[in-house]
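Here it is, the structure, as structure tokens.
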Amino acid sequence: RDQVQVAGSSTVLPYAKIVAEQFGETFNKFKTPVVESGGSGAGIKEFCKGVGENTIDIANASRPIKKDEIKSCQDAGVKEIQEVKIGYDGIVFATDAKGPDWALVPADIYKALAAKIVVDGKLVDNPNTKWNQVNAKLPAWDIAAYIPGEKHGTREVFETKLLDAGCDKAALKAAGVTDEKEIGKTCIAIRKDGKAIDIDGDYTETLARIDSNKTGVGVFGLAFYENNADKLKVATVSGITPSTETIAKGEYPVSRPLFFYVKKAHLGVVPGLKEYVDFFLTDQMIGPDSPLAEYGLVSAPEAERKGQREAFDAGKTM
Amino acid sequence: MSSMLVLAIVVAIGIGAFIIARQRAAAQDDGKVKPHSRAHYHGWWAFLLATLPAALFLALWVIGSSVYLNSHLHAQMPAQTGVASEPLAVSLTKSLANGLRKLDPQQVASLPATFAELRPSLAAKGVALATDTQDYMISIAAAANKVQDTLGLVGAVATVALSLAGAAYGISQVMPRARARNNVERLMLWGLLGASTIAILTTIGIVLSMLFQTLNFFHRVPLSNFFFGTVWDPRFAAAGAVGSEGQFGLIPLLAGTLYIAFVALLVAVPIGLMSAVYMAEYASPRVRAAVKPSLELLAGIPTIVYGIFALVTLGPFLRDLSAALAGGTSFIQAQSILTAGLVMGVMLIPVVSSLSDDIITAVPRAMRDGSLGLGATRSETIKRVILPAALPGIVGAILLTASRAIGETMIVVLAAGVAANLTLNPFEAMTTITVKIVNQLTGDLEFNSPQTLVAFALGITLFALTLVMNIVALYIVRKYREQYE
Amino acid sequence: MNIMTEKTLEQAVSSQMSAQTNEMIKMRGDKVTVHYGEKQALFDVNLDIRQNQVTALIGPSGCGKSTFLRCLNRMNDTIDSAKVGGKITLDQEDIYDPKIDVVELRARVGMVFQKPNPFPKSIYENVAYGPRIHGLAKSKADMDRIVESSLQKAAIWNEVKDRLHEPGTGLSGGQQQRLCIARAIAVSPEVILMDEPCSALDPIATAKVEELIDELRQNYTIVIVTHSMQQAARVSQRTAMFHLGYLVEEGATDKMFTNPDDKRTQDYITGRFG
Amino acid sequence: MTDVTLDTVAASVPQARRDIGLKKRYAAERRFRLYGVLAILVGLAFLAVMLVSIVGKGYTSFWQTTITLPITFDEKVIDPDNKRASDPDVLVTANYPVLAQRALMEKLGIDPKNKPMAAKLKGFLSEGARVQLRNVAVSDPAVIGTTRNVEILAAANLDSAFKGQIDLSVPEDRRKVSDQQVEWMNKLKAEGAMAEHFNTGLFTFGASSRPETSGLGVAIIGSFYMMVIVLLLALPIGVAASIYLEEFAKKGRFTDLIEVNINNLAAVPSIVFGLLGLAVFVNFLGMPRSAAFVGGLVLTLMTLPTIIIATRAALAAVPPSIRSAALGLGASKMQMVFQHVLPLAAPGILTGTIIGLARALGETAPLLLIGMVAFVADYPTTPFDPATALPVQIYMWANEAERAFVERMSGAIIILLVFLMAMNITAIVLRRRFERRW
Amino acid sequence: MNIMTEKTLEQAVSSQMSAQTNEMIKMRGDKVTVHYGEKQALFDVNLDIRQNQVTALIGPSGCGKSTFLRCLNRMNDTIDSAKVGGKITLDQEDIYDPKIDVVELRARVGMVFQKPNPFPKSIYENVAYGPRIHGLAKSKADMDRIVESSLQKAAIWNEVKDRLHEPGTGLSGGQQQRLCIARAIAVSPEVILMDEPCSALDPIATAKVEELIDELRQNYTIVIVTHSMQQAARVSQRTAMFHLGYLVEEGATDKMFTNPDDKRTQDYITGRFG
């Protein structure tokens, strides 16, 4: 095999594509790597099939690899896995470009989208139907939120960083939910009456839905929003406007790291693999002025990028 | 590779046998005894005798020797393998052995003792090996390669010998009254039978490729939760996080699948059937020749295009329409069963119309004449005689259409959404089993968590469902077919 | 007829008078020609069908018997390539006149086919089909009466009265053919056309159907195509002999079989050809 | 006499005309016919709507804006140390974008020292210019040191702006093309340097992350390989299976079993075939991932039922008289089937095959699991190399964030539909030619 | 035949001798029964077919004529539901013996069908097909000779010799039927079976085919099914009358038509039924 093979997350795919393409153009002696889409899970599954020519070299993931997965990797002989963090993905709320400005706080989102909320000390099915019932400053739009579906890694971030954060646990306790676990569950349970709409597809689908429903609110990746800024207006969360800078500084609360995993046994064996990873990690690719950043990747801080490069060169495995 | 070479030799022998046998048969035909078979059948029979048993033997030998090698390797493994498990050690040794084959002979002759030394020369040849390949494996692998070579040689010699024997026997069999044609044709028949079993093999393959994961899933999630659960909420597989254990109720998905398919049929069947009736009974041949392929084009448009159409155009249109009708609040959601059913129905029109058209045309003319001769009008004849007579076939066509509706993903995702609701309102969103199969398989979920494995359980369930549907269809068709004729 | 003009009335009267002399003419073919596409299948056939008689059409295969028969109730309309010329009248009315409704015509001129073709429905439904589409029965009881009397006239009532709701396709060939006759009778036609109605039946069934035809003659006008001269001799009063698309000879059956005018008829009857 | 005549007239006037509800029945007849016409019109209307929406969105993708620039292949930039004779890599890795940038600035009359102005040129030319110029220099090193007119691709956003697809009323900071760029664009247009050309790249380029340099080359080759494999495998196997089932097998449990199986396989969601392919071909048999060969095998299995169903119908339609004729002459059953029945069934088999192929040509889901939904930039040389397929490319472009891809997606759909129509027409033509003449 | 034992040889000789007294028996049916599924279509039929004679099978429709004919070259094997009992011999050899190759049998006992069924190929190819699969021609010239002589024997050579490479389906019905006969002759069968070979033909074509049958009798043994007694009288030397699956009577044609032994034969011939 004379070609690097990559599989995994469709969130990482556009970045990997840009790098692969430039890699192919820059290093004439290597073929352009093949980057499959298909989801982090499927990617890691292929990654963990074993070592050898007909297994992939790199798995892209929009979430860290799980313990169970590492274990099955090892059971199949994939002992040494190198983890590379390429940067962050910002998760933003956006509405149609022609609408009013939005300023959200996690509590608004919780009150608008949770399955049950506490009203007058009692836990009841979410009665809110308009945004201004949640927060008087918001417009009087029917609640229609397009949120990532359960298959997306983004969903987890959405639940922990917004719903859970916006959930008034004390009120819940007061309303009679005492069990910690039960509280956790209630906090992240999303209403199922059609006001919160799961999107299992990509952000293009969410955009199309906003296009056809001008009073809808969608969850997007920062990169996607920036590419479609003429059609979308972004909402602030807790007063912070999402941007690569605010996320990199840690001011904007909702983001997640993106990774890829390299099979160390293939390094130096599959032509171009090492060069590809090295190329990926250069500032030319993932630095603040790089094409990836331009596309919407939130670059990791300088020190973190340096750390990633050093760790990879040192052959640090998980 | 070498077995390919052996196979080539065998084929060459076969060709030789073919030529000799054919000539012999031709020479024997002196006009006194009427030969049973023509000369080239003798040739083919000799060819088959020379190649088939030998090829079969070769295949068995190759499989047998790899089984033998496997057990041989297992036997050789030390008690302490140094890696996670013995099977892993064996497979590592095997890949090592395969890697060693890429080396030059002199390199093989002087193999280094440790893996660390060996690795660079292997890597230079592009062989990827796991890092925890152990040193002791080198000698085992080298020895195994030797055993394998010997086995290969023996097998090759035996195969060629068998082939020659077959050729000789085949040639000696050439006699005027020998039934070479019958022999050749019997083998052809086996070939045809083999081809028809591929359908069964595919089915077995499908079941097997989903079975283990399905069992694994049911290991973790009780059957009753899956089959009788009314909530589909698998959650994201965040191990240890709160609320990570999801609910895997099949009922909402099943209901959605059937509901959407039902609405789609409600659109496709009347339109398709009426089109078919018109094409078969009224339209001139010219109109029919133009309309039929045009409608069939509807089935060729990629489903994603339909999906986008539903998402961007039809869904919002219906929503706004309902808003206008109800005066303000829309009672049809932009993504709804109705939208998905409508669009899918359009896609399925040609499936119904083309199949039904053929079936209606096939109703015997005598039925038509019988009714017309009594003074029935065309439409009376169609409604009261032809359609009832064609019913079994039409039912079959509808079931095929329903199967297609059940298997469709893209349209549902874009037109009806992915929310697994349980509702009777056709203006709300629902989703189907197929959608969930695709999404659970391709998400960011942990691959060996129930969240992903449930896709396999859903797959098998759906497979069983369509199987039952088809058996019912066959039964219906049989039952009614006996009635006329 | 309800829009009958003075003139046609006159014609009717005069032709009636000529008929008076022997039997009434129910249908009349006048220079009938038929083309199937390029090919001409019938050449200027002039033939009268007399009321309450059985007219047999005989002749070797392919001579145009079926073609002529099918002209009489315009079943040829269903064949795209067929073109009918000349004039055919039913009670002095041109049946190819655009004013004539073909559905009504076929209700008046019924047809029974060579191969019994019951619908895949129950026996009852088979017979009730015609009356139902034409709205001939006012009530369920009415319909029951029509079905029963039709089956009785077709001499099959006794055999099926206990199984009226079983499928008609479950009957034997001869029974099926009689069921088809019952079905045709049920709409009270004036003329019944039969195209080789016994060729698919065994001798016993054939005998029953022939008997039936003889009885039906009391109330209906019957035209029957047969390839068996024996059958023609047994059931018909008049016989018409076709050959290569021409009507060779026509006359009383007795005379035709004993003393034909035409050489070809004689040859055919005595087995010189066919 | 008169009495008698009148009497006979009365008798001869046929029984009073029965009322058989003709008026109502003809109304029903007309209504029924109307339903038929309506049904067909509805179907055709939907077809028209779909086609119009696809073509309306996609036809612009067949044009691509280019900017004709006089490029000076400056040796100082390409090969400052004059080493290209000894090290061919020099020509490959040279900084070509600078050449294009310079030429553009000259054309627009921008002072290279005016940095803010120069910065606004970013995103004017395609990044593909690097490869474009490199190809010129590598294929003809003599060009170095001279000036030559080259048609450089415009960047996707500029291409959209040129085609008038960008709403210029949106505030400048929210759109992808700045006012300055629009001004330059209009200038170049007026000079004739910027123009639309037929987009051959759409057919020849491989996958790319840049809309203007992405094309269907790899996808078309991949689809072609897969169709060939499906044709070579599914047709003979399907025909063989049908012959066995229709001509030789005793009707009984075994044929029932196979029949139910085949019908069921026709209904299995296509992604399940992907699972099968992954488990059997890739994991068990160790075939390569992302390869057209494996895709072809998977689609073969998916197509087989369609072919078998159609072929069986075609075989059954061959008149028995031909069979008896052959058998009566002493042909064996095999000879009868292969020498008489099969040739006569050819048209029906063809139709079934083409319908099956058409479905296979449009499938994405089963390819997802065997790794064919992928970014593949290089042409596959054999069916075992990574490749994609037409519907895969459509699917992937549909999910791209950049809007210019939407246009290309519609263009790709048009191309796919053209392929489908071509196949349908082939089917009709072949059918006519093979049409039985007995 | 090459594996013929002493005993069968003896039998053959003795039967040959007995045949010597009048005509040689080419084929013999011995208690032949046929069932189609549950239904019995033939009951214990004993019938001899004599060499170089034309044997006609007559009887009303559905009486089993075709069924018996199809037993003679095992065409019934192709109908799944058909079960044949009893014994049928060709030159004293049991044709239902497992040793017998059915393909070879059919090359010896050829068949011509009711409806002319030429292959949709050229006239030449139609005739050459049989010799080709049986390898009867050594060379192209040889094949040309076979085709020409077969077409000549079938009395159609003059009509088609200029258009040998045009499709056989383009001929008229009678020509097609003679082409089918030529096709059957081309494989040099010993017996030719014909199932109502003229029923689809017009009288002129029928006359030609009948003439041909009479000529072929010199070299072949012929069995013909016909529903026309006239035809049977014209072409056959021996006639067998079937009724409801039974062989009613068998004998010289002259005698059968003038002085039948069986009442049913008489009734049938005089048109009492059928």
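When the chains are written out, they are named A, B, C, D and E in that same order, and each has its own residue count from 1.
Throughout what follows, a residue touches a chain if its C-beta (ideal position, glycine included) is under 8 Å from a C-beta of that chain, and two chains touch if they have at least 3 such contacts.
According to UniProt, the chain labels map to these proteins: B = Phosphate transport system permease protein; C, E = Phosphate ABC transporter ATP-binding protein; D = Phosphate transport system permease protein PstA.
Fair warning: this is a prediction, and the values are worked out from it, not measured in the lab.
**Student:** Any chains in contact with both chain A and chain D?
**Tutor:** Neighbours common to chain A and chain D are B.
**Student:** By count of C-beta pairs in contact, what is the leading chain pair?
**Tutor:** The largest set of C-beta contacts joins the chains B-D.
**Student:** Measuring between Cα centroids, what's the chain most distant from chain E?
**Tutor:** Farthest from chain E by mean C-alpha position: A.
**Student:** Where the centre means the average of the CA atoms, what chain is farthest from chain B?
**Tutor:** C
**Student:** Work out per-chain C-alpha centres and flag the one nearest the whole-protein C-alpha centre.
**Tutor:** Most central by this criterion: B.
**Student:** Report, in whole Å, the distance between the mean C-alpha point of chain A and the mean C-alpha point of chain E.
**Tutor:** 84
**Student:** Quick one: report the Å distance separating chain D from chain E, using the average Cα coordinate of each chain.
**Tutor:** Using C-alpha averages as centres, the distance is 58 Å.
**Student:** Approximately how many whole Å separate the CA-defined centres of chain C and chain E?
**Tutor:** 37
**Student:** Chain A: which residues touch two or more other chains?
**Tutor:** In chain A, residues 1, 10, 38, 42, 201 touch at least two other chains, as defined above.
**Student:** Can you list the residues of chain E that touch 2 or more other chains?
**Tutor:** Those would be 103-104, 133-134.
**Student:** Touching two or more other chains, which residues of chain B qualify?
**Tutor:** Residues 181-182, 308, 375, 377, 380, 441-442 of chain B each touch two or more of the other chains.
**Student:** Run through the chains and report each pair that touches.
**Tutor:** A-B, A-D, B-C, B-D, B-E, C-D, C-E, D-E
**Student:** Can you list the chain B residues touching chain C in their complex?
**Tutor:** Its residues touching chain C are 364, 366-377, 380, 384-385, 388-389, 483-485.
**Student:** Flag every residue of chain C that touches chain B in the complex, lowest number first.
**Tutor:** Where chain C meets chain B, its residues are 73, 75, 78, 103-108, 110-113, 115, 117-121, 129-130, 133-134, 167, 169, 180, 183-184, 187.
**Student:** Within their complex, state which residues of chain B touch chain D.
**Tutor:** 181-182, 185, 188-189, 191-200, 202-203, 205-206, 208-210, 270-275, 277-279, 282, 291, 293-306, 308-309, 313, 346, 349-350, 353, 358, 375, 377-380, 382-383, 400, 403-404, 406-409, 434, 437-438, 441-442, 456, 459, 462-463, 466-467, 469-471, 473-474
**Student:** For chain B, which residues count as touching chain E in their complex?
**Tutor:** Result: residues 29, 33, 35-36, 38-39, 177, 179, 181-182 of chain B touch chain E.
**Student:** Enumerate the contact residues on chain C facing chain E in the complex.
**Tutor:** 60-63, 199-203, 206-207, 227-231, 233-234, 243-244, 270-274
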